[in-house]
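Structures follow.
The following pair of complexes shares a single chain, chain A, combined with chain B in the former and chain C in the latter.
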Partner chain A sequence: MTDQVTVPAGSQRLAGSRRGSLVGWAFVTPFVILFVLFGLVPVIYSLYLAFTNRSGAGVGLANFAKAIDDFRFWPAVQHVAIFTIIWLVLLAVLVVGLTLVIHRIARRRTKAFIRFAYYIPGALAGASSVLLWLFLLDPSVSPVSWLLRLTGAETFQQVVSSERLPVIFALIAFWTGAGGWILVLYGALNTIPTEVMEAAKVDGAGPIRSAIQIELPMIRKSIVYMLILTLAAGTQLFVEPQLVSQASFGIVPNDYSVNQLAYVFAFGQNDFNGSAAISVLLLVVAVVGAALFVWRGKLFEAE
Partner chain B sequence: MSSDLTTDLRRPTAGGSARARRAGSRSLVGIILIIFLAFFLVPVIWLLLSGTKSAQALTNQGPFTAGTFADLQANWNALMTFQDGAVATWMGNSVLYAGAALIISLLVSMPAGYALAKLQFKGRRPLLLATLVVMLMPATSLVLPIFLEMNVVGLVNTPLSVILPYSFFPFGVYLAYIYYSTALPGEILEAATIDGCGPWGTFWRVVLPLSTPVVALVGFFSFVQNWNNFFLPFVMLPRSEAYPMQVGLSQMLASTPTFNPVVGASAEVSPPELVLATLVSIAPVLLIFIVAQRYLVTGLTAGATKG
Partner chain C sequence: MRSSATGHGAGNRHLRARTAAVGMLVGVLALAACSGGTTVGGTSTASDTSSPYGFKAAAQTEGAPITVWVDSTRQPAAKAFQAAHPDIKINIVAYDGNANGSNTFKTKTQLFDRAGSGWPDVAFTTDNNSAAWGSLTGTAALAPVNKGLIPQASLDKFAKGALDVCTLDGVAYCLRNDLAQNVLWYNKKLMDEWGYTVPTTWEDYQTLAGKVATEHPGYIVGTAGDAWTPEIYFWAAQCPANKVTGPTAVSVNTADPACVKAAKLLDGLIANKTMSTLSLFGPEFAQTQGDKVLMLPGPSWYGGAVFQGAIKSPAGQIAAAAPLKWADASSPATGNVGGGAWWISSHSANLKAATAFATWVTSQSAFDGALVPTYPANTAAAADWVKASQKDGYYANDIQPAFETAAAQVWSGWGSPSFSQEAIWAKVVQAGMTKGQTIESLLPAWQAQVANEAKALGYTVTTP
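Our next item is the complex of A and B:
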């Protein structure tokens, strides 16, 4: 920004005045209304449901106890945990590694092409990507059936056997999301001043040393951002097991993930209080992760 | 990074063997990049080709060969007649839900982001922090709570039950906030005020015309996210006529014999039809991706100093 003049910035002109406050609120009111209706109220209402029973009487932690004691709860937590860990490792290793490598490509056009090509799967998310992967994982039609056979699976049912599922879900999630994260980390790498990298080279640092000693520490915040968001998103696993469960003819149960279990509580058993309890547990994970990042990470200190 | 080679020569350790090692590691890097290129693109290429095949060709022919135009036509016709044109209805629903939410979220998030960035008002900072927290929460974490709420007010099973939650888009507010705080000089606002513009006039006549990049970016993310949403409409809209395409796909999946042996010979959907349906379901988003590619990449690498 070249025009840094000393005239007071526009942000100051209405400072402190009552009228200024009113104008500000007028601008944000529509957003605040949506925030209250679809952010705050659902959370508060879920909390209310989670601590009461069907007739509205307070029951303390009984709904939580019931959900946690449910025979399906811990297996679901375990599935989700394994999936999330694999996904995190894939992102932490491959996205960071690929970004560093792409950033070093000398030809601009190659660089731009690779960044965009890796990002294309981002257009497919949700059910579309799962459906595509169902085909990719079915040896009878898959373009990589040789690869599936190499892993010892001859039929679709063998490919989606339960011990492979966390890896499969992590692969799908990585396939759709990795390109976007590469772009984000690439943007962070671009903010490192060229002089710093030049100086490192003059000092005799090779690509690996400057990656470890300069680039990684300088984009640490973006990496943490990616991992926290992924951790929170991972706990929410729903559409992948839901569709695979439908397609695998029951090999994958419809209460494979925690969110699915909350869904079964609400729609299968008509137990909204139990469903709310599970939702609240998941919300806690999401809010704590997000809040930790906003308050401790300081990524958003834009002012 | 055009100076890569020249600076290498200045490296004190750069002997002949080091150079050879470097050439080796360079081609290794190339191989790795190509392997990942295949990983990311092969599924997409397969998806583009397989809708043009008959069911037999899909299993017997090589995976990377194209089928015939006649087969594509047959698949298309079968797809369009599935459950009396359900696919067209679902695509229409998707456009309605994602489109309406796109308009509302733009109308809501531009002024909000502007106020958070450029106006002083009581509660600005708490609101900003709360927006950031919700933005970082996965959207799915609010789906069942919003369902429980909608259930009480009786909105379940109406288009509003997905359009309104879709319209709450804190990420859009955040993008607008960042854009207005970094790319909109305060002097312009000063000048507008001196010229006699009130706060609304300034926003409409001065700020919005300068906002095209961020409007496009917020619009893109809002549309793609809502177009691809599965969980919320799956929970809110139980009737098939109200499904968006994503939920409709799962119904087609249930009617495909490969993945649901119970359907058996009377199956309604053949595998290549399902592939074509998947392609149709992502076509609008894929199109935007390709048309807006340069723009998107720059947008996502926000904060970048150079490409």
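Our next item is the complex of A and C:
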């Protein structure tokens, strides 16, 4: 950020960079304040809650033990794990593939239109896009009811039967989230110097070869970044099952995902400490997963 | 992108948004869509015999404004009170009491408990589960009404047993808004045309359903597609699936012959297609079976919400009969689906006004000339209500005898624990039914789930 505002060269350099860093601070301060208030403080508070009981006395790992022992915990973990894996694979394969294809389209206007079209679903806020899906998934009102019937489901309750749910949630999440990532990766592809691509062409690399050997490695960091954020969001699955649960009149339980279980703990059982323990577990999983991606994806390695 | 990180507050917003958008969930849905949950490790109500109210009340301030929480259906009641009592300062807060109201009431109350302030003085919910957690939270959120707060003479104005559903250990925590006693609704025009007599026992009902299946296929004698199905069929069969034996003790035995016979009845009727498995308030039911209802065992509020609301049956056809009974049952019994309640907070700084409010709104049958949508729990108001609701001639018979018989027959062996029987039924039994499993085969899973949920909430569970 400072680079962009720094006055270039000469005797002004020192004063300029100082002013630049001031401007930089001015830019990040609102974020830092909000981050501390709504990011850091709640995390620290939930760490405190996770290791204490109602009256604030330290209880070690008891809250974690209770949460893990809960009869709903492992089913929820399984649901979220299957969903997240499907979603990650969908994103990794389809988003990267689609981006490479769009990037190759020669006509500018077609390109711009396709990028815009992909982005539209992402512009809808999370809950409202799920609402849209509730209509799509109900054979009695869905415009694609023939497709649903083809899969053997006559009623909404059958469409959202337990074995289909991970795929449905992954589709919803993909539909809402993919467009944004296509834009990000598209931007990353644009940073590849044209000389490199031209050199590849001269050396006789076809589109597939140059995609695999040049473009993919060069946007690797962006892909890893996408996977990290997706993993964090995926393990926090909440809105989709919560709304589907309400729409199915409870046939899809309100403790389907781990995050929902944390919600039930806090507001169904008035057990904020147990709820915090579940949240901390989720945080650990997301951090470990992210660390793995950072390490394997060499995210912080200087070129 | 995904807004999952904001979970909590967002949940309620989404809930409202969805209700508005899907649009088909009339307020009634929530009459049954209950909540679950309670305090784990909470203490029992701090009773205080030296207090005139029987509980530890907050410092009272004469003339302090009161805050009341109502759902949109009960808003006219609060406004009418305001107009009739200009001397009492009152803030009316509309909340999503319609859709799973007691859940919001509970979650907010638990946050207020942590914050130490913010409780409403009076709140309305569409179900009665609040008693279970309200009696237990660390701060004893709900005020007992029968320990001095409200004179016995006023409590006696409620129908017999009306407060049972919110009574724990002899302490009542609510003023009941309406009764939701189950009767047998039927289409008199069709029954007469086809020469059928209205059954009085479940056995006759089953036989008649068999005849309907062959003589008039497509017509239905009931529905089992809603989460309150057990409250209609299993409650009436006196099935011990939901017996609350103490403030934190339940017993459950779904293998009991009473449960098995109810399950077999439903399975048989589902098999011969006279029992619908669609939700009454889903879009499909109105479309495909709305005009095929021959009989419909269900709560008193079906008259307005289902027949005049969701499926719009023409006037002059729908009638109500006394609830069905099992031939082998020693006493007639029926169930109850919801029936809202008013709760007074023990934290209220103006209990006098809060009490005046709750007492007044429960004693009316109409507000500003508009009849309340459900059968009042207050006996005098109920009598007025039945008379007024029949004035337009919608019903094909006099519904008063059926309603009154049913009101006195609600079996007391089905309790209001702090977990939601309906949520459990939906999650386990209905989910299995959509995969083609019979209800009888799902009875063990039902029991296991009840036991699990109860234990998670700190209940002691007795199973056979």
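The criterion applied here is as follows: the second predicted complex is superposed on the first by the 248 of 303 C-alpha atoms of A that agree within 3 Å, B and C clash if a C-alpha of one lies under 4 Å from a C-alpha of the other, contacts with A are read in each partner's own complex, and residues count from 1 in each chain.
The criterion applied here is as follows: a residue touches a chain if its C-beta (ideal position, glycine included) is under 8 Å from a C-beta of that chain, and two chains touch if they have at least 3 such contacts.
Computed from a predicted structure; not experimentally measured.
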| item | value |
| --- | --- |
| If touched residues of chain A are counted for chain B and for chain C, the larger one | B |
| Which of chain B and chain C A:Pro30 touches, first, second, both or neither | first |
| Chain B versus chain C as contact partner of A:Gly60, first or second or both or neither | neither |
| Contacts of A:Gln158 with chain B and chain C, given as first, second, both or neither | second |
| Which of chain B and chain C A:Ile120 touches, first, second, both or neither | first |
| Contacts of A:Gly289 with chain B and chain C, given as first, second, both or neither | first |
| Partner chain(s) touched by A:Gly177 [first = chain B, second = chain C, both, neither] | second |
| First (chain B), second (chain C), both or neither touched by A:Val264 | second |
| First (chain B), second (chain C), both or neither touched by A:Leu131 | both |
| Chain B and chain C footprints on chain A, overlapping residues | 122, 125-128, 131, 134, 138, 140-141, 156, 180, 233, 236, 238-239, 242-243, 246-249, 259, 262-263, 266-267, 272 |
| Residues of chain B defined as touching chain A within the complex | 1-5, 7-8, 10-13, 29, 32-33, 36-37, 39-44, 46-47, 50, 58-59, 63-64, 107-109, 111-112, 114-124, 127, 129-138, 140-142, 144-149, 151-152, 164-165, 167-168, 170, 173, 177-178, 181-182, 185-190, 193, 199, 203, 224, 228-231, 234-235, 246-247, 249-250, 253-254, 258-262, 271, 274-275, 277-278, 281-282, 285-286, 288-289, 293-294, 296-297, 300-307 |
| Chain C-facing residues of chain A, complex | 54, 70-72, 122, 125-128, 130-131, 134, 138, 140-141, 155-158, 161-162, 173, 176-177, 180, 233, 236-239, 242-243, 246-254, 259, 262-264, 266-272, 274 |
| Residue ranges of chain C touching chain A (in the complex, touch as defined) | 1-5, 7-8, 10-11, 13-15, 17-18, 21-22, 29, 33, 35-42, 99-100, 103, 106-107, 110, 114, 133, 137-138, 226-227, 278-279, 282-284, 287, 422-423, 426-427, 430-431, 434-435, 452, 455-457 |
| Complex interface listing, chain A residues touching chain B | 1, 3, 5, 7-16, 20-28, 30-32, 34-35, 37-39, 41-43, 45-46, 49, 94, 98, 101-106, 108, 112, 114-128, 131-136, 138, 140-144, 156, 175, 178-180, 183-184, 186-188, 190-191, 198, 201-202, 204, 206, 228-229, 232-233, 235-236, 238-239, 242-243, 246-249, 259, 262-263, 266-267, 272, 275-276, 279, 282-283, 285-287, 289-291, 293-294, 300, 302-303 |
